[in-house]
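The chains carry the letters A, B, C and D, assigned in the order they are written, with residues numbered from 1 in each.
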Amino acid sequence: MALYVLRRLVSTIAVMAMVGIFIFLLLRLAPGDPAAIIAGDTATPEMIANIREKLGLNEPLPVQFAHWAHSILSGNLGISIFTGRPVLELISQRLEPTISLAILTMILSVTIGVTFGILAAWRAGGLVDRTLTALATLGFSVPVFVVGFFLIYFFAIRTRWLPVQGYQPIDHGFGPWLVQLILPTMTLALVYVALIARMTRASMLEVLSEDYMRTAAAKGVSSYSMLFHHALKNAGVPILTVIGLSFAYLISGVVITETVFNIPGVGRLVVDAINNRDYPVIQGVLILASGMYVLINLAVDLAYTLIDPRIRY
Amino acid sequence: MQMQKLAGNDVLLDVRDLETHFYGEESVTRALGGISFQVRSGETLGVVGESGCGKSVTALSILRLLPKLTARTVGGEIRFHGRDLLKLSPREMRQIRGNRIAMIFQEPMTSLNPVYTVGHQIAEAVQIHTKASRSDAMAKAREMLRLVRIADPERRVNNYPHEMSGGMRQRAMIAMALACSPELLIADEPTTALDVTIQAQILRLIVDLKEHTGTAVMFITHDLGVVAETCQRVIVMYAGRIAEQASVTDLFARPAHPYTQGLMRSVPDRRHGRQRRLPEIPGIVPSLREPIVGCSFAPRCPFAIGICREKTPTLRDIGPGHAAACFRAEEVMGG
Amino acid sequence: MTISRRDIIKLSVTTGAALSIPSVLRAQSTTPAARTVRMVKGNVRIFDPILTTSADTYDHALAIYDTLFGVDANFVPRPQMVGKWGVSDDQKTYTFELRDGLRFHDGSPVTAADCVASIRRWGNADSGGKVIMARARDISKKDDKTFSIVLEEPLGLLIDILAAPGGLFPAIMREKDADRPATEQVTANIGSGPLKFNEALAKPGASFTYDRNEQYVPRKERPDGFAGGKIVNIDRVIWDNIADQQTALAALQAGEIDFLRDPPFDLLPIIENDPNLALQVLNRAGDTIFLRMNCLQKPFNNVKARQAMLHLIDQEAILQAAAGSANYTRTVHSLFGVGTPYTNDENTGWFKKGGDPEKARQLFKEAGYAGEKVVMLDSTEYAVAHNANQIVAAELRKIGVNAELATTTWSELVTRRAKKEPVENGGWSIFVSSWSGANLGDPLGTPFFAANGDKAWYGWPKDDEYEAVRAKWVDTETLDERKALAREMQRRWWDFVGAIMLGNVVPPIAHRKTLTGLIGVPKAVVPMWNMRKG
Amino acid sequence: MSLLSASAEAAPKGRLQLSGLPRLARRHPLVFIGGGLLALLIILALAAPLYASDPLNLYPFKRLQPLSAEMWLGSDNLGRDVFARTAFGARISLLVGLTSAASTVLTGLLVGIIAGYNRRFDSIAMRIMDGLMSIPTILLALALVSLTGAGIGILIVAITITHTPGTARLVRSVVLGVRERPYVEAALCGGARLPKVLWRHILPSTIPALMIQSANLCASAIMTEAGLSFLGVGVPPEIPSWGNMISSSRLYLPIAPWSVFAPGICLAVTVLAVNLLGDGLRDLFDPRATRRR
């Protein structure tokens, strides 16, 4: 087990190195000169050249990369070109809203998605199944920003039940924090409910046709226990896998949701950074997002052992 | 249906005109075409026949474990202690399953839940049907494992199914089925998937436990040899109907249905320890999707005459406790 | 509070809860909602006003810095930080004395040395400022409150330039900040203006918080444009950056924000119908949308092709697409926009309702246009220009010009428009942007007006006769002199067509009715003083 | 009994009639409905010039007009015909969806098959795939689109790069599973050359998984396109695609709902069709999943 974790961590480092090189090259080759943007409308070419010099944008690519890699490894994600603040500070300032949104969304979509998936599989082909399949398809086919608008319209403008936008840090109180996040969470969760419900349904259908489910029925186990204990635990591995893999999709959804609901999270930070060509920020966020993805999937792999005794590392 | 009742034995299970259909996308399969039989307290009833003849469907119909969306019991009654199981609510049915009627299955490798320990699965059955505490149930599980002669039950109780051999798993299945001392145990080909030597041990175990507990057993198999060793009475099934019904001695002495005779000819010689799959009867089993005119065995029957292809024979008494569904039963028995 | 702040910090440090320190600070500085105004108006990306002319940076600087002079609503310069000033008889020495009570947010007094350093830094970057620097022999402090500018030659425009709202914001900073080169960002955000920047609550890209500067001593005059008394009636302004317009409007409707700078034109009826909301035009000069052509490359290196564009444009159609409502748009005939002191009607015969596509087709033909690709840079972020672009492209295609929209972000547009190469090598033919009245009323500070070829603003028009006229501007003494000069410039401009006006939009701002006392300035910025809430 | 004989009589007759499409419709209704809808949409998209006007025409004085005989689905914020744009938008959206799916599947197939067969390539390729997989799709797409500016081509490339790892892994796992099968070993021992074995024996076994995957990819690509348009970096705005129609008209939803609903409903129907097809194909190729029905 420890050896496995160690081996996985080593390969994680290799993956992260790939990501690093990829991200660095990608953004340095992009057009759009941050110096020109900083300089503004009235800038003369000399001013732009001066700014480039200051930002180290004139150095050859390998030199820029070496500087960058060195500082990343020493825990320094660099300084934002635009705001002049450390990238790490900018990101950590934005981390709480994004993580709050991601965790709430995951809790909501796992609870609802798994329940729906189980219900659909239980009565496969029945009314519940068909309704849920239709809902799941809808969840996949309506863009997040449209869903967001409708939720804002009905729950915030029409009824005034919930706030339109913004974020309250959790240390201002759990209530305000939750209230602010209800609509964004619902918006973002729709797709994941659909995704997890579909995976749960498929996985459950497979499990429900297994011989041991018949054995359980022959013992007199209740339907509830059949579904939620005997079947769910067996169906757990693929469901868990989807949850792990969908983390990357979740971040994609977060970018749009944060824009719609004006949540000052990492997603907004990176969209702004891309528009501004604020390289250090983009790189910092991408590195961080990939790192989290890799770690979450490592955690998921380890969690398999808790669910399925046949899996040992 | 005239069935001669043996005096002194209570009828535990009385199945009457049981009809079960399977629904495919374009067809209906008449898996059971109206069968009737009885199981008496403490007896061992063998049910034999080729694959697909409806043995397992009968068992699943009794416990109402058929797949909900594709199969339905469309007619008949299943009286258990006089109450029709088909009319029970799901909740009442659950109180019967595993408690008063238990079942063990053909595939020990896949019939245990891989993510729970064996002890947990046995204890679960106990906890569902008695008010036993968790620890009492686990104690019962250990006791049951000892009863089915699993070595080191203290350790094995915490094993997962994948940590056990096939024979051991089937023992665990039996332990689970018998944990609540059921009145009827339905054993659906419990030894088919096992090695020959293990098979004999498991058979021995079932017979011993039956004697020990007094449970009635409905023993489903395709192996007449097994029937001969374990059962008192036998039902021979063919194409969703009962072909012949008799005591074991009568059946082997005077088989009255051509199909039974065919089966007997293909029984492997157990003294040589050889094992062969049934049957070696020429021809194929008819499709149950098509309507069958006449006797369903007629196309394969060496005794078939004109009437056999026009009318469907019904089960009729041809001796004390002996019935067969054949127009020429007497000739078959005599010949 | 019975526990002192020190106790709390000590406590949280000893318990190791370092993370809770910011929340303690926040809790202490929380102000009641009624005294806090939440505004949505763009996003500050750069804090140093000497680095960019961006309106958002200007807005930020306007709140935290003060200036020596400021123009009123009629573009007349008025003293702001300066108490008294005078000019020597030879018109070469200007002496300024600061008024009393000026203090930076860090508590230090504003001194003449700070002013001198600030003027130098600004003068090296601003195009009007460069005129001063070129003529100045000496800029130095006399005593703590007095400094002087000594010129080689008289410069009648000196005060106008110092007050000019068209170029870079002439912020007075601390000497140690102003000593930095003009290319290096000042990050201290410490000025002497009526509001203080709350560094602890700054969330770049999300929101910035400005607190009332309790120590600020406003002038006694009533507020008027950038001039007059800057009295802050509220405790705090939170400047939210809501990127999505729909969300911003919803937030305004729900009362989560008090002010929205750029409500989408098509949704104005929704605001008008909302009993809690009001629309108000603050910037009466509006924004003039213009189209710039690359005069170095085909086809617009030919003056006939540029004239063709002048005749092609149907301003009403563009305004309709750009802003929808006729209530908030005007056609523009003058090089100096609408409502500036220099707006005039010289040589505007080209203007025709509905445009003149036939004439344009004819002129393109005379220009020898042979189907060359015309690349139009189109940023989707700037809705008005984006919509205008689509109309112009459609009109061009109708008369057989091979117009192609190149979609970019604004930042890419800014990068790409600096390229002088042909379109095949990543160059461009047309881009659309806008100037505020403050810019079009300031031909010295606004680079748009130059026509000196390579050295001119993007598009690089070249006309020597026009340049000769424009060169006289610096030495004009009176407004009438300048007005006459403006007519002369415009006469030439519409002949060689250095740029084309597409129309003038007067965007109203939307606010909750509880927010009052907003004052207008001839620029797309909104001063944070004078307003009241409740 | 009568019920039984009636159905039994009907069965053979019915079966004779069951051939081709009706049979597909009865046996696999999802494949039929999904595939049919998709085919219909493709035909409508291709035939757009025959029944819709020029989607690029602007009528600035007819902005945000409601539905009328002249403009069936009204006009958008620049006075463009929503019906025409929706019809032509189908071309872009389907092009993006189908091309992305196709190119992703091809790339994934190539990488997956080679990785499944070559250990050395495998370890390198899979690390790279892990890397690409760990970058959130929209972020990578944003970064890629900002490389060369918005455009259909770059959008397809962006989607392909971000979705290839999943497909490659899928193919690789199928190949790893198949290559130990006796018939493959037999073919190799029998002297068949590797490419031929790959083509004849291994490729076909990846098809079921890939069919399902491409349906999912197609839907995902169409949605990603819409999302990128929302963030302002999708297909150039004058070119109609459902994604950018929705995102540019979204603002006018309260006053001109048709300009959002027309492309929105089309998008939903397309994604629905593709998803139905995907579900149907899964059932078709993997009947186990529905066995219990």
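Criterion: a residue touches a chain if its C-beta (ideal position, glycine included) is under 8 Å from a C-beta of that chain, and two chains touch if they have at least 3 such contacts.
Quantities reported herein were computed from a predicted structural model and do not represent experimental measurements.
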| item | value |
| --- | --- |
| Given subunit B and subunit C, the chains that contact each of them | A, D |
| Chain ID, smallest distance between chain and overall C-alpha centroids | A |
| Centroid comparison with subunit D (C-alpha atoms), farthest chain | B |
| Length of the line joining the C-alpha centres of subunit B and subunit D, rounded to whole Å | 50 |
| Distance between the centres, which are taken as Cα means, of subunit D and subunit C, whole angstrom | 47 |
| Rounded Å distance, subunit A centre to subunit C centre (Cα mean) | 38 |
| Contacts with 2+ other chains: residues of subunit A | 31-32, 124-125, 149, 259, 271 |
| Residues of subunit C whose C-beta touches two or more other chains | 246, 381, 409, 412 |
| Of all residues in subunit B, the ones touching two or more other chains | 69 |
| Set of all touching chain pairs, with the criterion as stated earlier | A-B, A-C, A-D, B-D, C-D |
| For the subunit D and subunit A complex, residues of the former touching the latter | 127-128, 130-139, 142-144, 146-149, 166, 219, 223-224, 226-227, 230-231, 243, 246-247, 250, 253, 260, 264, 267-272, 275-276, 279, 282, 288-293 |
| Residue numbers on subunit D that touch subunit B, as the complex places them | 4-5, 7-9, 11, 14-15, 18, 26-27, 292-293 |
| Touch list for subunit D against partner subunit C, complex | 56-58, 60-61, 63-64, 77-79, 146, 149-150, 232-233, 236-238, 250-255 |
| Contact footprint of subunit D on subunit C as seen in their complex | 245-246, 264, 266-267, 269-270, 317-318, 320-321, 324, 378, 380-381, 386-387, 390-391, 393-394, 397, 405-409, 412 |
| Complex contacts: residues of subunit A adjacent to subunit C | 31-34, 36-43, 45, 47-48, 50-51, 54, 80, 82-85, 90, 93-94, 149, 152-153, 156-157, 160, 163-166, 169, 171-172, 259-262, 264, 268-269, 271-272, 275-277 |
